[in-house]
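Before anything else, here is the set of structures, which you'll find just below.
Across the two complexes that follow, chain A remains constant while its partner is chain B and subsequently chain C.
After this line comes the complex of A and B, so read on.
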C-alpha cells in the first residue's frame, strides 16, 4: 500500500484515495478494502455502517493514516477494527 | 495522487453544474473533465514533455492544467509579456512542448525548437472532439511534477520553480472544503494564468464546486460589470487592480456589487489608503490579505475579514497596524523568523521568513532550496508580533546594509508615506564611499501638493526612526515602476537613482 492508491470497499460503494498509511489493514463496513472489488460483496457490519462522505478526509488518532473519500457509501472506515474519524479542512476565507 | 482528482470529484458530485464561464461560454464540470481527457490524447500524440500556455486566461488554462496532469507532464504557463528573446530562452528550456496560444509568435521566435503549437480555439475544440474511452486509459499516478513556473528573474536568469502534485493537493485538501460552495456562488479570476494565484484559484474553486468567472484582460469597468452580471461572490485582486477599481468608483462608475461577499488581495503591498477606501466602498464584503509565494503553492498566511474589521475599529496602534500585516500563518504550515546565522528569532525581531508544510515545494528544477528540517527560506524579510501577526518589510535581498547595519526599506517607506505630500515612496541601496551602502529615496508627490523640502523629510524620518535611516540621496519622480502584478521593481528604481 502506498499513497495515491485507490481502494474500494468490499461492502458498499465507498472508494478512498490513500494520502498516508501504515502497515495495518484498511477496512470499510468492517471488511478489508482492496484495489479491486471482490466478486461477492462482503456483508456490511452493523458496527461500521455510519457511511462515508464525499470529499471528507478520515484519519486515525496517531495521524498515521489519512484517507480521502472520493466516492461515498454506506460503510464506515476503520484500520484493524479501530474506527477512523473525519479531519476537517481549515477553509480559508476564499483567499484565491 | 494526481491533481486531476479535484476535477474528477467535481464532475462526479456535480456533473451538470457550471464550473467555468469565459467570454460568455459556459462549461459544466463534465465538459471540463472530458476536455481535459481529450487534452491528454493531444499531449500523448504530440510527444511533448511539457504543456505550455502562452496566452491570457481562458478555458484553455483549465483544460491544459488538468490535461497535462493526466498525461504526467508539467504544465508551464508562460508570461506572454516577456520580450521575444527572454521568452524564446524559456521555450527552449521546455522543448519539446505542446504550446497553447500565440502560434505566430512561437513560429517567429522559437520555430526551430520542435514545439507543437495550437491556438487557444484549436486546442479547446480538438480536446473536445477527441473523446477517449477512459476505461482504456491509464492516467499518470501523480507522483511527479504538476506545474512548473518560471520565477520573474528580477535578480538573475528565471528559475524554474516546480510544484508537485503532492504540494498542490496538500494546499487544496488542507484549505478547501469539498463542494462547500452554493450553486449561485462565483469566483472572479483575473490574475494572469502564469501566476501561482491564478493556478490555485482554479483548483480551489473547482474543488469547492464554485463557478469560475474568468476575466482575461482586466479593466475596472469589465470587472465591475462581471461582478454584477454573474453575481460574483468571491474575487481575488492585486493591489493595483483594487486601486483602479476604487478610483473609477470614486469618479462615478457604478455597479451592483451587493453579491460580493469575499475579496482577497495579495501579490504586492497594499497601500493603507486603498484598503481603507475599499472597506468603505464594499461594506458587505469581507476582505482577506493572502500572502504566499510560487514556491509555497500559494497562500501561507492570511489576514482575514475579522482582523480587518478589528484593526479598523481599534484605538490600539498595535492592533491598527495589523491592517498592514500579512496576518497569521495558516494552521497547515509553520512559519519562523531567523537571523543570518539561522537562529530562530523571538517575537518582534526582524529577520528572514522561513516556512514549512506539505504545500511548500521550495524546489527548483536545478536544485531544492529546502534546508534541514524541510524549511524553505523565502528571502522575504519581516517579523512576527507577539500575537502571531506577520509583518513584511521587503525582500531579504532588498535590505540596505549601511555601515554593517541592516535596514529594511519598508520601515523608511512607511514613515515617508505618512507625509501628506508623498503619494508613493521607494527606499533602496545606493553606493556610498563612507558606509558601503547608503539610502536612496525615489519619491512621488501627491497631485497638487508642493514638493516637500528634503530637510522636512529628514526631520520626519529622524523623529520616527534612528539617524542611520536618513537618506543619502533623494529623487522625485513622476511615478515608480511596477510590474503588472503590482510588484515594485526595485532594480529599476536603483537604476533611476544611479542616473
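After this line comes the complex of A and C, so read on.
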C-alpha cells in the first residue's frame, strides 16, 4: 500500500492516512480498514474500542507501521490483531 | 562575498509595521513603544543573526523552501523537525523518496499539482502553502465574549503568556513595554525552544517577563495555572485547539466566566473551522498571504520576503487589538491568522503607496546574497529571567 493512502474504518468514523506500512492487515475496531466504507458496518470489537484521536500518529512496536488519524472514531487501531500505540509528539523548535 | 558589499535594502512591509507601532504607542501612551520602529521589529532577528537574503530558501536556518509544481504553481514547505520529514513519503505517495535530500523533494514537488500538495500537507499537519492561495480566515476574529470588568485608573494589567517562538511572545513584549506585568509560561517537557536556538531574539522579546514552568502532567499545577489565568487581564496563546484542550484549558469557558479577560489566540491560518488544525510558520504564512507572488510580479523572481515576516506583523496587531479590548473592558477571545494579517498588510501598503511598495519589492528581489539590512541592536531594558525562576511565586501548589 502506498504511503499517503487514506483508509476508513469499517466499524466507526475513524479515518487514517498511511505514513508507513508493511504487508499486514491494518484494522480499526477489530475490522480491516479499506479505501471505501463497506455497505454494512462491521461490529465494533470490545477489545479495540478505545477510540482514536485526531492528529495523533499511531505506531507498532517495530516502527514498521505508522498511521496518522485524520478523523477520530470509537474504534482503536491494530495490525493483524496487535494494537498500535500513539507516538509522542516532539516539541517544535524555533520558526525560521 | 566582500565584506564591504552593501546590505539589502529595507524589508518590504516594515513601513506598515512602523505605522502600526506609531498607533500602538499613541493608544497605550507608552514612550518605550514610541521609541521602537518597524524596521527594527521586523528586521532585528535577521540583522542580529547575520541572515542573508536567500531567494527561494528562507533566510536563517533555511527551513522553508519554495518549489515549482507540475501545474506551474509554487509550493512552500517548511521542515523544522526531523520527524516531519517522515511524513514526506505520505505527502508525495512515494515510499522510496529520499527524505533527507532536498533536491529529491523538489523533484517530487514538480510531479504534483500545487493544490493537491497543499491539501494533503495540511491534513498531515505540515506547514505548507501555495503562492497563489487566498488566506482561509479573517485576519482578526472575535471567538467568544464575556462580561465587563471595571478597573481602577492605576490598575497594572497582568498578562499570562503561554505562546512560543515569535509572534505571541512579541505581543507579550509589547504589552510589557506598555506597562503590563507579563508571566511567560513554559511546559516542563516542551519549553519555548528559541530560548536555546536563538537566545539573542529570545532575550529581546521575553525580557522583563516572569518565567514559570508548568508540568502539564501534574493536575495540581494545571489547576494552579488556571487560577492564575482567572486573575489575569490578558492570556496570549498559540496552541492548536486540540493541544489546548489536551492541557485541560477551556479558553472560551474562561472568557465567559472571568470578567474582562482578554484572550489572544495566535494561529497560522485561523482559529476556527478547518483552518484551526493547520500549522503555519512565519515564512510559509507569508507565502499564503501572497507576498512571494507579489515579489515575483514586481521583480520577476519568486522568493521569501524578509524573515518569517508574518510573525512580527502578527505580534504587533495582536498587541493592538488586545489593548483595545482591554480598554473596552469586556472579556473576549480574539483569534489572529498570520497569513491573513500579512495579506492585509500587503493590501494596505499597496493602497498606501503602490509605487514605493513596488520599488521595495524590486529592491528586495535584487538583493539575493546580501546581508539583511542593519538595524541598531536594542539594549535590554530589564533582566531575562531564568527558566522557571518565578514558578513558586506565581504557582503555589
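Worth pointing out:
Everything that follows uses one rule, which is that the second predicted complex is superposed on the first by the 92 of 96 C-alpha atoms of A that agree within 3 Å, B and C clash if a C-alpha of one lies under 4 Å from a C-alpha of the other, contacts with A are read in each partner's own complex, and residues count from 1 in each chain.
FYI, a contact is a pair of C-beta atoms (placed from the backbone, for glycine too) under 8 Å apart; a residue touches a chain by one contact, two chains touch by 3 or more.
Values in this document were obtained by computation on a predicted structure and should not be read as measured data.
For the composite obtained by superposing both complexes on chain A, the positions of chain B and chain C are in clash.
In the overlay built on the shared chain, the residue A:70 is in contact with chain B and with chain C.
By the document's definition of touching, both partners, chain B and chain C, reach A:19. Among the listed stretches 310-318, 472-480 or 490-498 of chain B, only 490-498 clashes with chain C once the two complexes are superposed. When the two complexes are superposed on chain A, the residues of chain A that touch both chain B and chain C are 3-4, 17, 19, 54-55, 68, 70, 90-96. Note for the complex: chain C touches chain A at residues 58-64, 78, 80-81, 83, 86-87, 89-95, 120, 123-125, 164-166, 189-191, 193-194, 197-198, 201, 240, 242, 277, 281-283, 307-308, 311. Residues 1-2, 5, 8-9, 12-13, 141-143, 166, 173-180, 187, 197, 200-201, 204, 207, 234, 236, 262, 264, 266, 286, 288, 290, 298-299, 302, 304-305, 330-332 of chain B are the ones touching chain A in the complex. Chain A contributes residues 3-4, 17, 19, 54-57, 68, 70-71, 88-96 to its touches with chain B in the complex. By the touch criterion given at the top, residues 2-5, 17-20, 53-55, 66, 68, 70, 90-96 of chain A touch chain C in their complex.
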